[in-house]
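Take a look at these structures.
Both of the next two complexes hold chain A, though its partner changes from chain B to chain C.
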Partner chain A sequence: MTVTVESRASKQAKKVALWLTTFVLMLVMCLPGLWVVLSAFRPNREILAKPPVWIPEEITLDNFGKIFGFGAEQVGIPVGSYFTNSLVIALTSTVIALIIGVAGGYSFARYRFRFKGGIFLGLMLFRAVPGIALSMPVFMMWSRLGLVDTKMGLIIVYVSLNVPFTIWLIDGFFRQIPQALSEAAQVDGCTRWQAFWKIEFPLAKSGIAAAGVFAFLTSWNEFALASQLTRSTDSKTLPVGLLDFTAQFTIDWAGMCALAVVIIIPALILTFIVQKHLIAGLTFGGVKG
Partner chain B sequence: MIRALTTRRTELAPFLLLLPAVATMLFVVALPLIFSLWTSLTPYKLTKPNTLYDFIGLTNYIRIFGDWDFWEAFLRTIAFLTVAINVEFALGLGIALLINKITWGQRGLRTIMMFPMMFSPILVGFQFKFLFNDHIGVVNNALQSLGLTDQAIPWLVDAKLAMFSITLAEVWMSTSVFAILLLAGLFAMPRDPLEAAKVDGCNSWQVFRHITLPFLMPFAYIAMAIRSLDVARAYDLVAVMTDGGPAGRTELLWTLVARVGYDEAKMGQANAMAYVSTILSVLFTWYFYRKLVAARRYMGGAE
Partner chain C sequence: MAEITLEKVVKKYGALGVVHGIDLTIAHQEFVVLVGPSGCGKSTTLRMIAGLEDITGGLVRIGGQVVNDLPPRKRNISMVFQNYALYPHMNVRDNLGFGLKIAGQSPAEITRRVAEAADILGLAPLLDRTPAELSGGQRQRVAMGRAIVRNPDAFLFDEPLSNLDAKLRGQMRAEIKKLHQKVKTTVVYVTHDQVEAMTLADRIVVMRDGQIEQVGTPMEVFNHPVSTFVATFIGSPPMNLLPGTIAGQTVRLADGTEVPVPDRLKDFVHDGMAVQLGIRPDDISPVGHGLSQDGPGAEVALTVDLAEPLGMESLIYTRLAGQEVQAKLYGPRIAAPGEVLTFRLALDRAHLFDAATGKSVRVR
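And now, the complex of A and B:
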């Protein structure tokens, strides 16, 4: 009798310990980000205050107005155009990478051909080249082609950055769809092209969307190449803009936090939407050869 | 005859479909790499364009291999990656096992775990620069308010602490790649072998060591392979957190490349260094990809 009571108690204790550890873990994961978000809504003087102000006395949207150039106080950094650049560059490069990636992924998933493994590995190894190492020859080439400090220059680079991983993911999604489905459609008189659009593409759609989100975020977040290939408001992206703040004489922490929030928000929303498919794609593409 | 034609066409289709991908990679990565290899064999400086055509053989490589700054950055990079990736793997495994035990709210926890993965490295760097600022950072503020220390701890100013802070940021950013994939592995794991082992009297450590861990290894290798594609993003962290300082004590191979190439305009020498870093990354990816393929084959055989 006492034994069961004791073991029940120890089971309870174990459960509590489990929850506590998880809670602390999630706190460690979330707090740094939350602190930045909170600071974005506080005036800079409160952030700089000594002794520290723990409970915010003032919640304000001024920092956002300031970085986007509304309101009385403004920063000398054109965040508005950086935002547009980031959006245009990330969206365009994602769309192109997806088109190339769907074609490539379908090819890997549905055909047997010579050098298949070699080509796949080759694409991955090209992706592994460090951004900063790649930036130098690309910078020299782009300056001869007149592509430095243009959106087009960065879009081309980001397409190549995204193609290998997009192929990896989309290959995985196509392989989850039984080949018998499109074969049955072909027996019924569809061409392979029709079978693809009517059967396989709709089934892989959510997976392709997940790959697109991943590509978008890679472009949206990229820094090493963007910092060297952009010069002005014509093409500078948000991550490069964030570093602009540190070059200023006094660091505007509140402004940087506000800009950080602007960069985080799309990442949060998009991650939330596709997380399920993304995990499926990562594991399926990798595990099942 | 017609049959032969159609098989020929299906032979061609996969290559046509892959053509755009291969062409992009050749134009944006392979061609620049060839150009960069040539540059690394010249004394090219951005300020003197004509030096691009002087061939000096391996002089740049001999110079960097005889340069202590280079070796210091190189060894620091290796040490940094070794520590970071091992810690990420261990922590990721711990987190995955923990969340696998929890019966409620797994989905939500998994979503939360994905967020650091989606953060821009430059943002993660900024975030920790902000938290660890010796003046206004929340870490020092908290420690001082709690009375744990009366002096400001120079997290990003002291050389050793700065390297620690950078590693911490890296671990914070990348642990979830391991946690998520290992958790997916745990979800996919068949129950039967576990129960059979328990019936046969294995203790939980033996079950973990001989059944769970081998089953998880392919998932760990996927995580490693994905992670290895992007090891150089630590450049972003260092660029925003310390920019290689204090006095070059947090300089990694990648920040050294940027400094020599862009700040000092010695493109030839920087490209030689960049080549070393490229080979390092490629070998790293290749190694884990091979491991992944081997583990996959092993699993395929077991099925």
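And now, the complex of A and C:
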């Protein structure tokens, strides 16, 4: 009897320890985010107060007013342009990456061709190269081609960044769909193309959506390459725009945090919408051999 | 009229040959079963008829027209796949009507024909369900419904029952047979199960290593197998094969036992010929417990090694001429291991195969 009681107690203790560890880890991870959100809604003097003020004494929307150009105080940062740039670049590169990803993923899943394994491996290895390592050569090429500080230049970079991943994920999804379905559709009177659009594409939709969200988030959040390749309001994206809040002697933390929140919100909404697909997408990709 | 003809049809994947030039004519409204062990090329042959595999060589005709280069949709065939291949994102009604919709039929016509097919197969209550909400047998019926709704020239079945449990398989087998009687259409049916082949076929095509080993009605193939391969593949349990040598009017088995050469085979053998005596378990039975008690036979005392009672009959493992053979005991009698019984070999139904080639001595 005592043994079981003891073991039950030790089990309880283990559980408590586990939760405690999880809590501490989550705290460490979430605290910066929380601080950003908090700081977005309060004035600079409270942010910079020593000792730190944890519970905001006053909540204000002034910071947002400041960056979006309404309210009393204004900052000279073209947030609107940055937002448009970010949206155009992220959406366009996502759409292109998806088109290539669907075509590529389908080919890898369904067709046999020469050097298939090698090409696939090459794509995956390309993912292993940190993008920033390529920033110098890319910058030099882009400057010759006149692509520096253009949306097009960044779109091309993001497409190449995202394509290996979208191909990999979408390939996994098409592999899960039995080939017999497309064959049945062809016997039923479809062309190969119709069979793809009417049968295989609808079934792979959640995987394609997941790949799209990943691609969008990568482009939306990317900072390192964008900071190298953009110069002006023609092409600067929101993450790069954050740097505008640092002046020579001062940093406008409140404005920066407000903009950071603006960046996070669309990403958060998107992730929520496709959460279910995202999980399915990740596990699908995970089980394929 | 939808006669299907294969002329010297060859399939190769690179250097690897899978089907080595087969000739076959399937008559209008005939039910033909391609049967053989896995890897014999039967499914590949079916897929070439369907247009899902390129034809490396030879000609395939459907209704007289060469279809080698026609895509599946232009061959007016329908196919039932092993894993059903129902469209998971459509309900049963849309699954059935999909082909008609693609063909541009009017909604009223689609509704009418779907209802007709659903009626034939008893699918009416299931029309609004998705494939995930159906049992294996129901999915199988939907797959068949999708095949008949388009009113094709021929049905192709690719191992349609192998995913079902034994009981359901028996039921669906009967349904397929009934369906063929109702909807008279040419059927090509692929299976590795010799029971399905025997029960369903008008004609059986036994395939082996990409070639046709024998074509015939089920009874022809069962009663007159052309080779040891067909003899052991068709019929369950498989035919016993005992090596021996022809000595005058007898076959001398490995241990010296002599059994007379069956009368009908006397003209096909010569003295000293190495043969295999083929005899089905049903034709080796204890005296008084066999199928046929008249006609020429040989009696021999054998020891029961193992008996598997199956109710009205028992399968008996014993040794004949130094080799394990299976025998049948008919009637609800229990045989005990170690028991010595007098078995009668029904030699009028025995077979002789040339030991060198494996072919029946009757074919040259």
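We adopt the following convention: the second predicted complex is superposed on the first by the 249 of 289 C-alpha atoms of A that agree within 3 Å, B and C clash if a C-alpha of one lies under 4 Å from a C-alpha of the other, contacts with A are read in each partner's own complex, and residues count from 1 in each chain.
Note that in this section contacts are C-beta pairs under 8 Å (C-beta built on N, C-alpha and C of every residue); 3 or more make two chains touch, one makes a residue touch a chain.
Every value quoted in this text rests on a predicted model; they were computed, and no experiment measured them.
Chemist: Using the superposition on chain A, tell me whether chain B and chain C clash or fit.
Modeler: Fit - chain B and chain C, as placed by superposing on chain A, sit side by side.
Chemist: Could you say whether A:194 touches chain B, chain C, both of them, or neither, answering first, second, both or neither?
Modeler: The second partner, chain C, only.
Chemist: Between chain B and chain C, pick out the one touching the greater number of residues of chain A.
Modeler: Ranking chain B and chain C by residues of chain A touched puts B first.
Chemist: Of the two partner chains, chain B (first) and chain C (second), which one does A:124 touch, if any: first, second, both, or neither?
Modeler: The first partner, chain B, only.
Chemist: Just to be sure I read the superposition right, which of the two partners does A:145 touch: chain B = first, chain C = second, or both, or neither?
Modeler: Neither: A:145 stays clear of chain B and chain C.
Chemist: Quick one: angle from chain B through chain A to chain C, Cα centres, nearest 10°?
Modeler: Approximately 90 degrees at the chain A centre.
Chemist: Let me test your reading of the model: by the given contact rule, A:16 touches which partner, first (chain B), second (chain C), both or neither?
Modeler: neither
Chemist: Would you sort A:269 into first (chain B), second (chain C), both or neither based on which partner it touches?
Modeler: So A:269 meets neither chain B nor chain C here.
Chemist: So in the superposed three-chain picture, is A:61 touching just chain B, just chain C, both, or none of them (first/second/both/neither)?
Modeler: The answer is neither, since A:61 touches no partner chain.
Chemist: In the overlay, answer first, second, both or neither for which of chain B and chain C A:101 touches.
Modeler: After superposition on chain A, A:101 lies in contact with chain B alone.
Chemist: Which partner does A:24 contact after superposing on A: first (chain B), second (chain C), both, neither?
Modeler: neither
Chemist: Between chain B and chain C, what is the shortest CA distance in the superposition, whole Å?
Modeler: Nearest C-alpha atoms of the two chains are 5 Å apart.
Chemist: Pick out the shared contact residues on chain A: the ones touching chain B in one complex and chain C in the other.
Modeler: Residues common to the chain A contacts of chain C and of chain B do not exist here, since the sets are disjoint.
Chemist: Can you name the residues of chain C that touch chain A in the complex?
Modeler: That would be residues 50-52, 71-73, 77-79, 81-83, 85-89, 98-99, 102-103, 146, 150 of chain C.
Chemist: Which part of chain A faces chain B closely enough to touch in the complex?
Modeler: 18-19, 21-22, 25-26, 28-30, 32-33, 35-36, 39, 47-48, 50-52, 54, 99-101, 103-104, 106-108, 110-111, 113, 116-117, 119, 121-134, 136-138, 140-141, 156-157, 159-160, 163-165, 167, 217, 220-224, 227-228, 239, 242-243, 246, 253, 256-257, 260, 263-264, 267-268, 270-272, 275, 278-279, 282-283, 286-289
Chemist: Quick check on the complex: what are the chain A residues that touch chain C?
Modeler: 178, 180-181, 183-192, 194, 198-199, 202-203
Chemist: Using the touch definition up top, name the residues of chain B that touch chain A in the complex.
Modeler: Its residues touching chain A are 10-11, 13-15, 17-18, 20-22, 24-25, 27-33, 35-36, 39, 95, 98-99, 101-102, 109-123, 126-128, 130-131, 135-136, 138, 141, 145, 172, 176, 180-181, 184-185, 188, 218-219, 221-222, 225-226, 228-229, 231-233, 235-236, 239-240, 254-255, 257-258, 261-262, 267, 270-271, 274-275, 277-278, 281-282, 284-286, 289, 292-293, 296-297, 299-300.
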